[in-house]
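Two complexes come next, and they have one chain in common, subunit A, joined by subunit B in the first and subunit C in the second.
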Partner chain A sequence: MREHMDTSERLQQVFRKVFQKDDLLVSASTTAKDIRMWDSLTHLELIAAVEEEFNIKFSFSEVMQFNAVGDMLVALSRKSGEI
Partner chain B sequence: MIFNSLIFLCFVVVTVIINYLLPERFRSFFLLFCSLAFIGYYNIESLLAVLVFSLFTFYISRNIRGNRLLYIAGILLNAYAVIMFNYFFATRQGFDFSYAAISFNVNSFIIALGLSFYALQNISYLTEVYFGRWQPELSFKNFVLYNSFFPKVVSGPVMLPREFMPQIDRNVITHERLAAGFNRFLLGLFKKMVLADRLAPAVHSIFDFGDANCGLTTLAGAYLFTIQLYFDFSGYTDMALGIAKMLGYDLKENFNLPLRASSVSEFWRRWHISLISWFTAYVYYPLVYRLRSYKKAAAVAGILATFLISGIWHGIGITFFLWACCHIAYLCFELLTKRMRSGLSEKPSYLFYKLAGIFIVFNAVSFSNIFFRSGSLSSALLMIKSLFSDFFPAGWLHDFIAPLAVGGHQVDEFNFYISIFMAAAFLLFERRINRIANSGGFSFYYTTACVLLIFLLGIFSNGERFIYMQF
Partner chain C sequence: MRKFAAHNAMYIGQRYYTYAELYELTGRIYSLIPQDKVYKRIGICCNNDIETYASILAVSLYGAAYVPLNRDFPVLRNRKIAEDCGLELIMCSTENDGLKAIAGDAQYLLTASAQAAEGRIVKRTDQPTSYILFTSGSTGEPKGVPVSHANLRSFFNYFLANYDFDERDRFLQTYELTFDVSVFSFFMPLMVGACCYVLPAEGIKPLKIVECLQKHTITVVSMVPGVLRYLDSYFKEIVLPGLRFSFFSGDALYHELAARWSGCIPNAAIHNFYGPTETTIVCTRYIFDPQGPVTENGIVPLGKPFEGIELIIVNEDLQETEKGELCFSGTQVIPEYLDGANGEKFFVKNEKRYYKTGDLASWNITGDLVFHGRADSQVKVNGYRVELAEVENAVRKASGSECIVMCVQENKLSRLVAYTQKGMDEEALRNRLASLLPEYMIPHKFIPVDAFPLNANGKIDRKALINAYI
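On to the complex of A and B.
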């Protein structure tokens, strides 16, 4: 559970850094619709930053299925389980 | 058989009635037959081309999984089809084009050009199957119905396999769906015949005569073309969606109030949605995914590739290339100033920011459409030159209206004002009108209003073709 909390906090920091908004709050249910700057032009910049932070690589089909922050959390916990 | 021609209306009425009366399991066979008949009506060569390309794509799709060579061959063949058909249009007229044993002549070009929409669906089908996201279709009938269903074969919407194929054998027609389809069809007919075609003469007069008009007139011509293109193409889409619904299938929405977009990236999420989502899925994302470590440069490369290919898809020529360059420049500008603009939009003057955004986007899109509409680079440059010179010459009020109100008589001016009034009123109340057109009940007032306006104000005589039929 603690690890999960850490993951979401770290993810939140990545979002704040990429979108340059220090008060940005993200939860598992946050989608691209909730963050004005999150669109197809910035999606992969965000993905690259998440990959860098967690030192992992997402596959193309994983990236295409990220509709909400929750999807990223699930993929991240699966990847950390694999490691 | 153009969508707003009498023969097409008869074809639709007969198809809808027979399809409704048929048992559900026979409907897909019947609709396939009608679709092939629709294509064959233009000419037998187009029908042959559809069958040959379909047969080839269908058979390679069954062995394509993991076979890169076969996948590339399939993509190249279909991409070649797009280029071949568009190249054919680029030469425009008086032309015989021989491809293997099939000879296309000028009378056959309309449907042949529609095949560039058809080919996009084949490419998406091959890609989905190759990457294991979709099982190869076992029935050739279902596959051909997917890529050639007649309401969408000429100008889209472009459907992905998962969006259309699951519907094929579940053809459900209820009275509510029939009424909703009818309402939508009527809306499309209204947009085409009353709004788009009434603006066509003014646009034609500004773009096609090569006269040096004053800046204000040229600006009005560019604005009117953007509005005409929107009503023409979204009207076509409404008709396609309406017919498909009456025949038991749902097609994808292609427009979502695009002229209200306050950024160009938002515009592309609202305009020709099915095409841009095709390009996003199969060109933009795969490329940017590979280059993602380069951050913003990756997105710039993605925009560049997407719009250059989209430009070629629309037609090979310098004007479409420059149209694409405009949108590349707009989107790169938006990407690089995103943070700054995001800060602006959160200020208290949000409404002002939004309205200013809508105005700027409309101007930017209209400017790019000068290239899109102009027949040649020289006429596009002439228009741009006149945009920036002599904006308010002496007697501008008269000179401004005269070239737009084609004919020169007072009644022509009056006619032109009616067209402008209708278009403006529609754009203002568009959301409300769409809501009525999408409702599932038969409305006496709505139907009467549409039919009356079409008969009173619609253009019947010149049989304007739909602009997007050429692509």
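On to the complex of A and C.
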């Protein structure tokens, strides 16, 4: 099942799990402003959950660039060698 | 300001403002204040812009007390603050939906449109109060804390006497203006001709702090310890050789964490400060040594009191004891609460008036104060002081049923958890709470319970609740 999901779908599942909202929809332009509970504490949880889901570790300079979901997708693509 | 006219005073919104520009803008905003009457207190609905900071200066030079209002707080909360302070005038840089509702019958001024002004800035009144901040109240309502000019003078005299800040320093202002350490981060650089860099409001705060520290080669920064807990796993990638002073206050700072942080800031001193809003920002200091002794509970000591501050540690009968509640007397202790309800928190002993902090402490062998937690149900969330009773009161109001709120540690960070009766619509409850409480006071988790366990006195048994549901 998981193999058939693309990166953005998997990322959406992580967001739904972290924010405990089964119908949460995120796009590349979604930022912390768009999700009420996306504060600095949840951001930390989110990064940890994304790292676990994709079995990777973000560097601090990568984390600093995460202003929108799209930035996370770019970093994930780079990590998986797609870019 | 004249001496440093051409120096940069502030960096905000991606541009610098010299002292001359800041003073000119302050004059323009000052000239907007109606001349037909005298205002003792003026509200400032805060935005993260130069007009807001210039408004604080304008109100201070006018001689009134400024009352900061956080635009992200619920309108009802700001309205209550405006009413409690009897505000007749509120300033804001821009029009916003909530402003009219907050102002009520009070007049409001939009400062972004202030035109070039003629005439000098003169003091129109001489109020003893410098600013009024509101803290979480155990009675369920926010509590007004008026800080006097005399309190503030004593506070700044300590820093002027003990630090070598000068016009070459670059301070980072990381706090909301309703948080009292902002008074230090904004006024201190201006007092020595330095530049105050204001953290952008957008983005994830701890990350933005590091970005600003690096980008602007900041030399002095004050933060809450929660920022370090957040950054801990990235310390190996952070190096800040330009930092001279790394100040902490607002929550317990742990030795191991501070020691690891010291590796990121090879040229900086770490100073741990302590003090509730009622004792004017901070009133004790400990100079941290990464190689120094670690306290039993691992928390960095609170240190020694500032000059002009006296303290005693008392038991429940207000008798001095080795380990007990920390109480302060002296030049930084506020005269009284806004509502005058001082009874429980102030007392006189040996002809001195003391403020009871609610914090438990003792002295260690080096003569430094050591923190042992709270004597009541006040907690710290991200450095914010939160009375659990106030949150519980709001949840009860919003849900119409019983609720118990506790503070738990998750990922080394503090979070509020609310136990509510089963069957509650969490989304609807969150929406109602958003109109009553600031975001940081809204519980992160709501745990539905079948029934609240009671103790022998018929009160809800908090310990039993934790055991049953965690």
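Definition applied: the second predicted complex is superposed on the first by the 76 of 83 C-alpha atoms of A that agree within 3 Å, B and C clash if a C-alpha of one lies under 4 Å from a C-alpha of the other, contacts with A are read in each partner's own complex, and residues count from 1 in each chain.
Assume a contact is a pair of C-beta atoms (placed from the backbone, for glycine too) under 8 Å apart; a residue touches a chain by one contact, two chains touch by 3 or more.
What you see is a predicted model; the values in this text were computed from it and never measured.
Enquirer: Once the shared chain is lined up, is A:Ser8 touching subunit B (first), subunit C (second), both, or neither of them?
Expert: neither
Enquirer: Output check: A:Met64 vs subunit B and subunit C. Expected answer is one of first, second, both, neither. What do you get?
Expert: Both subunit B and subunit C are touched by A:Met64.
Enquirer: Just to be sure I read the superposition right, which of the two partners does A:Asp39 touch: subunit B = first, subunit C = second, or both, or neither?
Expert: In the superposition, A:Asp39 touches subunit B and subunit C alike.
Enquirer: Once the complexes are superposed, what residues of subunit A are shared between the subunit B interface and the subunit C interface?
Expert: After superposing on chain A, subunit A residues 36-37, 39-41, 44-45, 48, 60-61, 63-64 contact both subunit B and subunit C.
Enquirer: Sort out for me which residues of subunit C touch subunit A in the complex.
Expert: 202-207, 210-211, 230, 234, 237-238, 382, 410-411, 413, 415, 430, 434, 439, 444
Enquirer: Can you list the subunit A residues touching subunit B in their complex?
Expert: Spelled out, the residues of subunit A in touch with subunit B are 19-20, 36-37, 39-42, 44-45, 47-48, 51, 60-61, 63-64.
Enquirer: Considering only the defined contacts, which subunit B positions touch subunit A in the complex?
Expert: Going by the criterion above, the answer is residues 131, 133, 265, 269, 280-281, 284-286, 288-289, 292-293, 295-296, 298-299, 303, 331, 334-335, 338-339, 342, 345.
Enquirer: In the complex, go through subunit A and note every residue touching subunit C.
Expert: 32-33, 36-37, 39-41, 43-45, 48, 59-61, 63-64, 66-67
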